[in-house]
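Order of writing sets the labels: A, B, C, D, E and F. Residues in every chain begin at 1.
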Amino acid sequence: MWKWNKSPDTFLGCEQPYADARIVVFGAPWDSTTSFRPGTRLASRMMRGDSWGLETYSPFQDRDLEDVAIHDGGDLELPFGDTEATLGQIESFTEHLLSDGKLPCMIGGEHLLSLGAIRAAVRRWPELCIVHFDAHTDLRDELLGVPLSHATVMRRAWELTGDGRIYQFGIRSGERAEFTWAKEHTRLRAFDFAGLPEAVAALGDRPVYLSIDLDVLDSGVFPGTGTPEAGGVTFRELQQAIVDAARANVVACDVMELCPPLDPSGASTAAACKALRELLLALR
Amino acid sequence: MWKWNKSPDTFLGCEQPYADARIVVFGAPWDSTTSFRPGTRLASRMMRGDSWGLETYSPFQDRDLEDVAIHDGGDLELPFGDTEATLGQIESFTEHLLSDGKLPCMIGGEHLLSLGAIRAAVRRWPELCIVHFDAHTDLRDELLGVPLSHATVMRRAWELTGDGRIYQFGIRSGERAEFTWAKEHTRLRAFDFAGLPEAVAALGDRPVYLSIDLDVLDSGVFPGTGTPEAGGVTFRELQQAIVDAARANVVACDVMELCPPLDPSGASTAAACKALRELLLALR
Amino acid sequence: MWKWNKSPDTFLGCEQPYADARIVVFGAPWDSTTSFRPGTRLASRMMRGDSWGLETYSPFQDRDLEDVAIHDGGDLELPFGDTEATLGQIESFTEHLLSDGKLPCMIGGEHLLSLGAIRAAVRRWPELCIVHFDAHTDLRDELLGVPLSHATVMRRAWELTGDGRIYQFGIRSGERAEFTWAKEHTRLRAFDFAGLPEAVAALGDRPVYLSIDLDVLDSGVFPGTGTPEAGGVTFRELQQAIVDAARANVVACDVMELCPPLDPSGASTAAACKALRELLLALR
Amino acid sequence: MWKWNKSPDTFLGCEQPYADARIVVFGAPWDSTTSFRPGTRLASRMMRGDSWGLETYSPFQDRDLEDVAIHDGGDLELPFGDTEATLGQIESFTEHLLSDGKLPCMIGGEHLLSLGAIRAAVRRWPELCIVHFDAHTDLRDELLGVPLSHATVMRRAWELTGDGRIYQFGIRSGERAEFTWAKEHTRLRAFDFAGLPEAVAALGDRPVYLSIDLDVLDSGVFPGTGTPEAGGVTFRELQQAIVDAARANVVACDVMELCPPLDPSGASTAAACKALRELLLALR
Amino acid sequence: MWKWNKSPDTFLGCEQPYADARIVVFGAPWDSTTSFRPGTRLASRMMRGDSWGLETYSPFQDRDLEDVAIHDGGDLELPFGDTEATLGQIESFTEHLLSDGKLPCMIGGEHLLSLGAIRAAVRRWPELCIVHFDAHTDLRDELLGVPLSHATVMRRAWELTGDGRIYQFGIRSGERAEFTWAKEHTRLRAFDFAGLPEAVAALGDRPVYLSIDLDVLDSGVFPGTGTPEAGGVTFRELQQAIVDAARANVVACDVMELCPPLDPSGASTAAACKALRELLLALR
Amino acid sequence: MWKWNKSPDTFLGCEQPYADARIVVFGAPWDSTTSFRPGTRLASRMMRGDSWGLETYSPFQDRDLEDVAIHDGGDLELPFGDTEATLGQIESFTEHLLSDGKLPCMIGGEHLLSLGAIRAAVRRWPELCIVHFDAHTDLRDELLGVPLSHATVMRRAWELTGDGRIYQFGIRSGERAEFTWAKEHTRLRAFDFAGLPEAVAALGDRPVYLSIDLDVLDSGVFPGTGTPEAGGVTFRELQQAIVDAARANVVACDVMELCPPLDPSGASTAAACKALRELLLALR
């Protein structure tokens, strides 16, 4: 007899029915404000298919996706060229998941999309803090006159959370003015994850949105992204940082900025899948 | 509110429930005997996703997939390295579809896989004829000592049908011995589709298996295949030939040998999707 | 001594000062509404550099770019994610060129951008007609709820010109409803350029906007585009059609939809450059 | 027991010992004067390996490489950056082959290398004529001040043969001055092969050097070359032209300008291999 | 005069005649059970050609391939789709080399092929131990019902050696059950090479098969493989581990799983060549 | 209104007029002696365009390109195939810059081109020392009989400077004879940058030419180069070494050997741009 291959449709090990799931993964395939090299819209599709080259078990954490109740809800259909409608869809879908008691985990797409999910989370938990891994500050006030842009997402998020509530790690690129601004308004750690365990400890049980721009990784490990930055962290450092950050009370999270057209070997997609697996396993 | 994007999971316009469908599309992602450059295993996955760049409507035929009841059953999970088990799965799945009164349409995968479906069809209709579009004769008796190979599939099929029941078109590559052998045993038209309408007329209502190796197309139009052959037919010629062949009593069919890793522009995948759409629309 | 290589900055043979130029080429690097595979934003940059692999002389027309006064004005800086601001820039820049008595020739970018230039042209010449080469109708009323989209550009243009003033050639893809709608509102020729010389003759001296979506070419000749369509015209057919169309009173024109990331061989970029050269030489 | 796979080392079907061979194929992996996109140096290596995806038999000619005595002598080791030393090697090796009574068939490499072989042939047969298939005239007197360049090879060859002895076909690119010069000095047929059979008939038994720049093919069929030109001939037209030209008294020949790094699908390499096979079979 | 370039046919510095060689390198181009992304069949061909971009001298070891007697025997011709026949060829060829007193060094191809060579070695030395570098455990009992698979090779090897004789290093991926099983049956070191020098010291003069799956390297250094795994060892760590392991009594060895189609930059092929050079120099 | 996008024409932040600039960046697009895989000729063009994906500010150095007076002079037009003419152009242009009191910074192109700039610098400052970062010694006396080659550049430079004046770092590839020769004639540090700060301190105010072959980076971080070498330095190590070296009295410098055709992800180009930015910021 025959067997079905369900791999292309679902991320590895995320096959629980919605009703039973604690975590809901969904894709947000959209990159209309990407200013340099587009293509992150294809990330969720590629990650689902290629995730089956991984295993559900992590020897690093000694945990298995088979022991976690995760549903992969598929991709939203987002309108290219209409930023507010897109953010609105993500916000209302995230709200829906949160009101069902789920932990949303978005696969981007460009980093601006995190704003939709953060809007939903901050409405529910006004005391929300954000833990943000990235190569870039994402703190511009506008880009080419556009306030809603991948380069402004954490500035827009700060307008929702206020000072001192955004913890940034691994940052190694931005305008001088952004770094200066960050000194007043966010907690920015350049280049690496030093201080992350302490920050998480200090956060205690406060609700946290964890946003991972995968370009925090060194461009050697993760070339497949729109604006790769050399001099970043190793995968093992990210792996440990994910475990550390997940000790916080993470209420929603995302993994952003894989750009499959810039990943002809598939190794960046594989790294993105492994980062997502580690995140899904680490969430408490 | 949000909308779901169902595109990656189903071929364009093939969203009818199984019970209601007259045609069932399924993927056979396997290429273990491919002797030159592998990768056709990835065809069904890529075609499903990229098919949504097409339209359901064909101005060439003035027909629309929305008017045809087609179900996309997904991919079989075939064991790499085990040829007989793989053919067995395809045979038994095809049998299952035929006994449910469906018209099976397989997306390859390497061309050997057609043998599994032909076995099922010829058991049901011992008088089965085969219409075969290809650049290659596929009439070897073995390749590197292996009798079940992409290069032998029509020879193996002939063992089931006997002389004069395989109609080959577009053939432009093979050993001299294959062309000589064909003179006795098959009806081989080299280079183009001349004589196809007449052959279809002569077939009348006899059950026909239509097997399309996409490398029948010129390598300029269809570079994304393991053994591209220059000097082939244009897409418009194939399009017309599909319509001509579908006037026969096609009881099962396939579209084979797209190799996505050899198609970095995606244009071959797009052409494969369009060929499949035209086939699905043309089936009577 | 040394010599400067000016090639990357200017399209081949377009080095006249602005004041002396009759034709002004400019780039519009933007693709935010592209719904399938993005990247046309990179076309003008790649075309400028690669154009120097061509010659300024066309044996087909027996004309030379050195005999035509053309200025390459460089690229506009368009805000990704802000459609109206982008169209506004193109419109006001085109207006500026027209008021200086120049013939604007835009290098896209996605096809929606033509709307900006058409708006400027139709304001100046309310009797403007449009000659449109494309694989796709581009006549949808909206795409995913977005009225300003690459898939709607000729529908939006029709709102400016009214019935019977858009001449479409080479069309082979669209929804059934678009083809039906076209029967009432545009002059649509499917698949090829039949009737083009007659249409141009009938247009006489009426001002014409000539918009060339390069995917009118067969996907074998022009794979490097977001939605390649097999079954299109050959390059020689396009070359002749450009010469035919340029016999009209073309007041502005564009060459759209080359997508360099989907063109690893560079052959599509070379074809786009040659099409543009032929257009620049043919304009009367 | 085991079997050896000799495919990577020898072009398909060219396995006769040197002593027994009538034709000797050799590779010339060099491209130092290529001014646009380099890489033809890799052609012979790739063609040898990929040729085994073809068959030795040509149904077009009904001939088989197994019936022709051909030796593949491997590649010369040419010094990058030293043009005269490189041409000298090719000239002296070609002389050696001619003095052994062999018919040399060079796989380029850039087109300038033909000059080395033509020098050897013209010394032996001062009445030598050249039949030249190309997209480009190759008739410049210098390029960037360099007289020995891929763009000047037929001009340099003319200095050896004099007026009226170079027959050019398929030409569709060059400076106006080159086309003008050609009217006086060569027999240039633009765009296609019209007149080739007549030219061959007129040549009678005069010794002929046949030089095939594969970019004579349309860039859709043959994108994998440094300066692809749209609007060229189909593979079938080239195939017929090879058969026609080979009816002349061809004493040496070459197949030039495949650029494997620009051929990610491998289809251009496959077309180059097939063109070489057809040439080897057609030589009388 | 001319010089021959022998580079494409032989791995760098492996040009000794068979009779004089102590080490014999051979290629095994086969990957029929690869379940995810195929292509390792092309590794030996690419490695031979690209190896000449390296030097024969290693400053790390201060040794030179010119001082070691190595013969490159070329590639076996293995039948795609027939697993047992393929393993049989490798086994009998390895036996032949061992009986001639040679040290066999296989270039894969997929990792299952190691089983053929191990079968030959374990028959000759029943006390054989295996040192295994890999990202994956390769300890499954079957994959998709197939017992002979790249994912089961060390399980099959264990059936020949018994408990405690397989030393695994660098492992970071597998099913939980494989890691559990390994605790009983193999000596598995996760993530790195800690303990390797001690293990080698303990092995003393026992005969050792050294099997290197190159995906033990971090996916940043070695993206060109079917199932890249982030978080692996650096090249320098592998280089040291090779030197350490080669202090054992290595009687046969292999370097597996380079997948050239997934290596568009060629950097993974270069790393594979360098790893093989270091291995060939380190063997005592 | 509209805005111009000047990005493709100038390297990021290098927009000062020539007269006001202290540093002048220029491109040298030439690679005719490259013996393995060509393409570095395209580096300056790609780096200019892609540099705009970076920021002008370096958090590592806390400096901004906006505070440095740099002019990007564009590319020289160098004659492919004519080595001495090419070196002559670079030499005379560098002389021109030096006589204008500028600090020249060349973007290669292949490493041989450094010789042109070194010739100019050593004529002006006979006591010139060279600091050289590279994977390769570049100390051969000839390559394939050619004395002017990418593999001989530092040997030719030594003929100008004499013993002990070339400081080499990061070297991990070369012939044994080159390493032996280096012991007598240069100061070679293998594998890393140990001793660089001490060397710079010892150099004091002596004029220094700083030549960076980017393949000093590990091939994981920098795969996009003709002869990638695994086992190299990390980007952070290079970043620090650039800052260390720039403390010397650098009078001219270069950044060489990015090969864009081997960089499909663009990450190597991004790393090259960042290395150049760090260099431009660090120059005292």
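FYI, contacts are C-beta pairs under 8 Å (C-beta built on N, C-alpha and C of every residue); 3 or more make two chains touch, one makes a residue touch a chain.
Please read these numbers as outputs of a predicted model, since none were measured by experiment.
With centres defined by CA atoms alone, the chain at the far end from chain D is A. The distance from the centre of chain A to the centre of chain B, with each centre set as the mean of the Cα atoms, comes to 41 Å. In whole angstrom, the spacing between the mean C-alpha positions of chain E and chain F is 37. The set of chain C residues that touch two or more partner chains comprises 3, 37, 77-78, 218, 220-221, 264.
Contact between chains, using the touch rule, shows up for A-B, A-C, A-E, A-F, B-C, B-D, B-E, C-D, C-F, D-E, D-F, E-F.
The touching residues of chain A, when paired with chain F in their complex, are 36-37, 171-176, 179, 190-191, 218-221, 223-224, 226-231, 262-264, 268.
Those residues of chain F that touch chain D in the complex are listed here as 31-35, 37-39, 41-42, 77-83, 85, 143-146, 148-149, 261. Within the complex formed with chain C, the chain B residues making contact are 52-57, 59-60, 64, 218, 220-222, 234-236, 239, 264-267, 270-271, 274-275. Residue ranges on chain E touching chain D, taken from their complex, read 1-9, 27, 29, 45, 48-49, 74-78, 89-90, 92-93, 96, 264.
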